[in-house]
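Heads up, the next two complexes both have subunit A, just with different partners, subunit B and then subunit C.
== the complex of A and B ==
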């Protein structure tokens, strides 16, 4: 039954593509102004961590380039896909713990897709998920265990995962019920590929969601075309 | 009946070790290491005492050390309970020994539950509150086994002063205890840095909790890279400062009353003075906690000194109750019968 549904979903997507075509959405995310001043992380609490870096390491809370390009923003379709189902990718999403940092800092998976959590460090970590829709968990990752798989079964808005052994280690993940999501790179760029033709609401979410609240825009995707969609964040100071 | 000196010494060691355990627990919270060891009672799948020192890194240092010291306190308490049961004739003291053992077991289980259920606030607060309560039980056991407790004869204190002293002493103890409970709530709800200024609170003596004032505070948080505070967190934080003021008044009031009363002996006067010194240290550490944005050693020192102040205030109450009695009513108020004739 499960496989039948998957095939039907795949057929629906392929069928939709053939009937109405596919396009892509891409763009850039920028930030006006600067983020909070960031202080270098002190990693002395674990010699393995401090030995892994020759240069100061800064938190990735707000990663903004000199030209304002904003990294680590989750771009996803939030409306326009109703009634459609999508096959869960078989490819795993990798979340590595390397140099006592999470790589990548922000990521997304589809519900049911495997998140492969790696420990590339010769030290202990714990993976403490603060998810609310999916069950929160806290699992040990001793240095001898190099890989653990985790599956989130339900779609969920971005949530934090942290390491309590190394309190500076924080990563944000989101779980989607469709494959049309991306995280902006260092140049603030993103691209959503193979989007069925149609009109969609697209959201840009940043982890500093109180000061850089999520934004949405509407975009229409037509067959074979690349729709451009840029976002600009400005730190919000509420005046009342 | 006389005291058992070795037993008393052992009870003292238990109480002092408990104070050390409170510091270790404070370090866990202050460094955010509560979940750095995901399993319990094992540590990363190993028997707790077999966990290698080489793996004691980062938050594990604090969490695992806390568990180890807690085990020592548990063992000391078990020995103390059995020792009292075998050597102390007073039934209520024997029961108190078992109560201490029950409390330390419950405390250990609460600590385990906080880990297994990912730090639920009610359990974490209860764990913090029971730590202070257990410390008071340990002090009680140390005191009731002391030579001083067995001394007979009480120092009379005149009626008005006697009642006044007791009221101040109970007020100081109650307010310090309440303050520690509010402190536990503050720590486990992440409200410790809801305001980042001192001695003002949000730029005012009495902060507004309206949207404009909250925005001002939270904009400063953004600039400092701190999480934004909710209204509830701000209120808890401010309540902690208000209760600190009330407890300070009670402690200073008690010390002054002790100092000025000629019927009170020098030892108790000095206890009052030391309370004020501990209070000053406590206020300084509280201010430093805020101004250093919760530097973990200062924050833990604040918790530790708070517990010491609680224990000291409690000991003062115990001594006051045990060794000072209400002076008998003045002779002129007694109904005197003629010699040889029984009073009606």
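== the complex of A and C ==
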């Protein structure tokens, strides 16, 4: 009986995917020109931080490779999934505080998914979220506390989390009500898997949202096919 | 027949016919009367609303019953439980019988026991009596022992039966429990649904029983609708609010709800008028709000004729002429002529608040009205017009008894003639070159008057000793200081008028004058002395002492003096026309004397005497003394119409002159007057001294609307004290404190009661701006606050902006401190001191939690006189100040969740270990025992941190 049910549900899932189909979206994000000149972070304020690095550390505000590949861009579906609900993944998303920097610098979670905040440093950090839809929090994490779980209940556009003790520490997170989001890697690549067939609006968002404003494109996913979708950011000249 | 006919003076047949006709007419008129009485505007509204209500209820029912699956599930469960119960019916019946039997037995057993107890008592007495009398007691003692045993046996027997009953009942309960749980679960799920269904059964014929349906059909029919109609006048009677209906004062009766049927019902927000839900049910109308409909009615706030039951007779007023036209077309509307208190047009609704919120400096939620009152205060309307609300507020303009040490006569002339030629946004109004006094003759006269007034002011002006000698300064550094130390909490430097309209926040930023062109106005020495200590010139000024060093004052004064208004400097002052001066002088004199004598008297005066005479008369005429302290006018009476009850003034008392393009309502008159104070002199022929002389403030349309709202709110009112907003002591104290806070513009720099703090726009970072005073009353010790306000000390050395010193009296400071306390729900109690054991466990735990590895307080807080290492923006106050300054209860609440108390604060929630955090092998190597012992007990841990904070530096 138990097995029958299991097979039945498996069949239902397979049947469903055959009926509606699933595909993927992948592509690359590039930027025209180079990033702003960056100055090495001065970590002298906390000896624990400066001792963790032998080489100078630069802010990750705009991480662009020589060929223009742009990392740390959040790619997500913003329209086309209306009315569908998705299970919350049980896997945790890890945000580490290591060498007085946030790893990763940009991340996404699903609403209800656990964000595991780690402190790999032997110093106190405070995690100060600037979220608006979800309740803002600001908690201290002394070195003895290595892990702290945080759950965002509602979907929210990217927001900043910072450490007031180490003002250079900044990370950006976004909360989604679906699992179709990704952050571009150092080569600017990303892919969204198991996307139900359909037509979607996909957004590419970068934290320098004034200089590199978010952009959207429409893409159609067909059964079993991989749709390609590239983005190119052109910096907006600042007026005045 | 013929004979008989002739015997009469009338013809019966004709008479019968007429009788017939007239009875038919009579019948018809009765029918028409009933008909007329039956048909009403509001009845149609009620029918229409009932349909809308049915529609909404049905829709709600549909959406409420969404979880069909759950409902079916629960119903199935209930059914199952009932079926299950049915199978146990036999046993249940059996149990019922058993319970009945056992209860009977139990009753008898109890009776036996109680009888035995009574006997035992009697026998005890007999035994004790025998023992006391020394009689033979052997037998009695035996009997008593037997009786005791017997009683005990009866008791056990009775208890046995009770146990038996309890057992049976428990079994019944067990058998029924499933059914009960299922039905209560179902009832819980369907609670909303059943409420909606019950409502539908009342209003929706389709959901009614047949009998109710028939009753519903006939209950509203003519004639029988006197019994129990569903369509009837909605009426709210308020006994303690009374309407003055000429020669009688009667309780307020509001029938507005006859048509405004959805006003208190959620769900009609989008409905058409008159069914729309009130836009702010949280504050008004609903029974849980602070202004429930049943206690305040509708017309108490909105005005209008509450007894009216039609669109016109209720006294509706349109917001614009276009809306008026629309209403005429749609509702056959016309303004109610013989009812003064017509409904406020929606633009002016807030005027209704002022009746009860009499003394509130800022009325929460009434933005327009609050702005209007602030403008009245700023423009000093109460200087010329008696307004009780502002009684005793003093003169708000600069003190002119010492003017000659600040200004030149030339500046004064040009300024009086046209203040806006010097400063585009001054609050000093313009008297001259207005629509009724700009002819060449008028200009000649007014220029001469200004000459005379300037001469008067400068002759009477006392010299002021400037205590300090001006020093040269650096203007660039001065500008930086001007932005940094806090000047911009009250002052702007704005060369051009703003494109945006005034609002309250912008008024906080412009509390003091725009300092543009100061170099063309006052001398170096004066500016330097003024910013060092303004009381040297005006002991009553609201300008505080910024405690600037000589260097700082010199720099700021160099910056301010560097700004010149060359266009103003270039304006020529016309020569004094002595002939005109004489004409004006004899004109004034001839009011009380023959012209010949007047002219002779003028001829006998020296030029100085004539100037002084005309100057004094002109100052009196224009009312300069209303806002300025001028020697010789200390006791002069205000020259304007009293405005305390202006909103109640009948419209026919307002002179519309030849201005016909506006409607005959008080608000349109106010709007026109405020936009152009001389408008009602248009096409009038008047001698100069009878012309309208209210000066022009050049109000913007927003300002006109705001001031009109306030004027409409100033009404004659004899409200019961119970209805006043400040009937309790707390709001009275808050009002007094807030009046000081508003008068001295504390909100230019601080956020108080959720408002103000605009200086952050200049400073940029809230962390470097003056503190948010949210929860201040709960936060600091009142005696510390008193000492701080009297002589501010440095709390945040990283801030460049500084708390100035204000010359307030102790009672004013007390009002401020107490209003902080009451704003935070405080009471007048003695402050208890917080004590803890030095070297105790709590302190040790707190010290550990604050240590560098844990809370690391010293990363941001100044400790032991050492500044933190991070950005100055991240610095926090020295913890050694806490004990003296902060209340122990507040510290605990603050540590619990700083962000909840001060949204956006950089203070993180400190680390408070949980039980699990310390529950591992080797925990003692990290945590001291004092922490392990109380880990998980948040109150104790927060208390420990508080104790530690209190111990710092003490």
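Everything below uses one rule, namely that the second predicted complex is superposed on the first by the 220 of 240 C-alpha atoms of A that agree within 3 Å, B and C clash if a C-alpha of one lies under 4 Å from a C-alpha of the other, contacts with A are read in each partner's own complex, and residues count from 1 in each chain.
What we mean here is this: a contact is a pair of C-beta atoms (placed from the backbone, for glycine too) under 8 Å apart; a residue touches a chain by one contact, two chains touch by 3 or more.
All of these numbers come straight from a predicted model, not from anything done at the bench.
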Touched partner set for A:164, first subunit B, second subunit C, both or neither: both
Return the chain, subunit B or subunit C, that is in touch with more residues of subunit A. B
Going by the contact rule set out at the top, does A:138 touch subunit B (first), subunit C (second), both, or neither? both
Thinking of the overlay built on chain A, is A:58 touched by subunit B (first), by subunit C (second), by both, or by neither? neither
Which partner does A:36 reach: the first (subunit B), the second (subunit C), both, or neither? first
Touching partner for A:237 - first (subunit B), second (subunit C), both, neither: first
Once the structures are superposed on A, label A:128 by its partner contacts, choosing first (subunit B), second (subunit C), both or neither. both
Quick check on the output: what are the common subunit A residues between the subunit B footprint and the subunit C footprint? 45-46, 123-124, 126, 128, 136, 138-140, 142-143, 164-167
Within the complex, subunit A is touched by subunit B residues 31-39, 44-45, 55, 57-61, 63, 118, 211-212, 215, 218-219, 222-225, 228
Partner subunit B, residues of subunit A touching it in the complex: 36-39, 45-49, 59, 61, 123-124, 126, 128, 136, 138-140, 142-143, 163-167, 208, 210-211, 235, 237-240
Going by the contact rule at the top, pick out the subunit C residues touching subunit A in the complex. 852-856, 859-860, 869-871, 873-874, 898-899, 903-911, 917, 926-927
Show which residues of subunit A lie in contact with subunit C when the two form their complex. 45-46, 123-124, 126-128, 136-145, 164-167
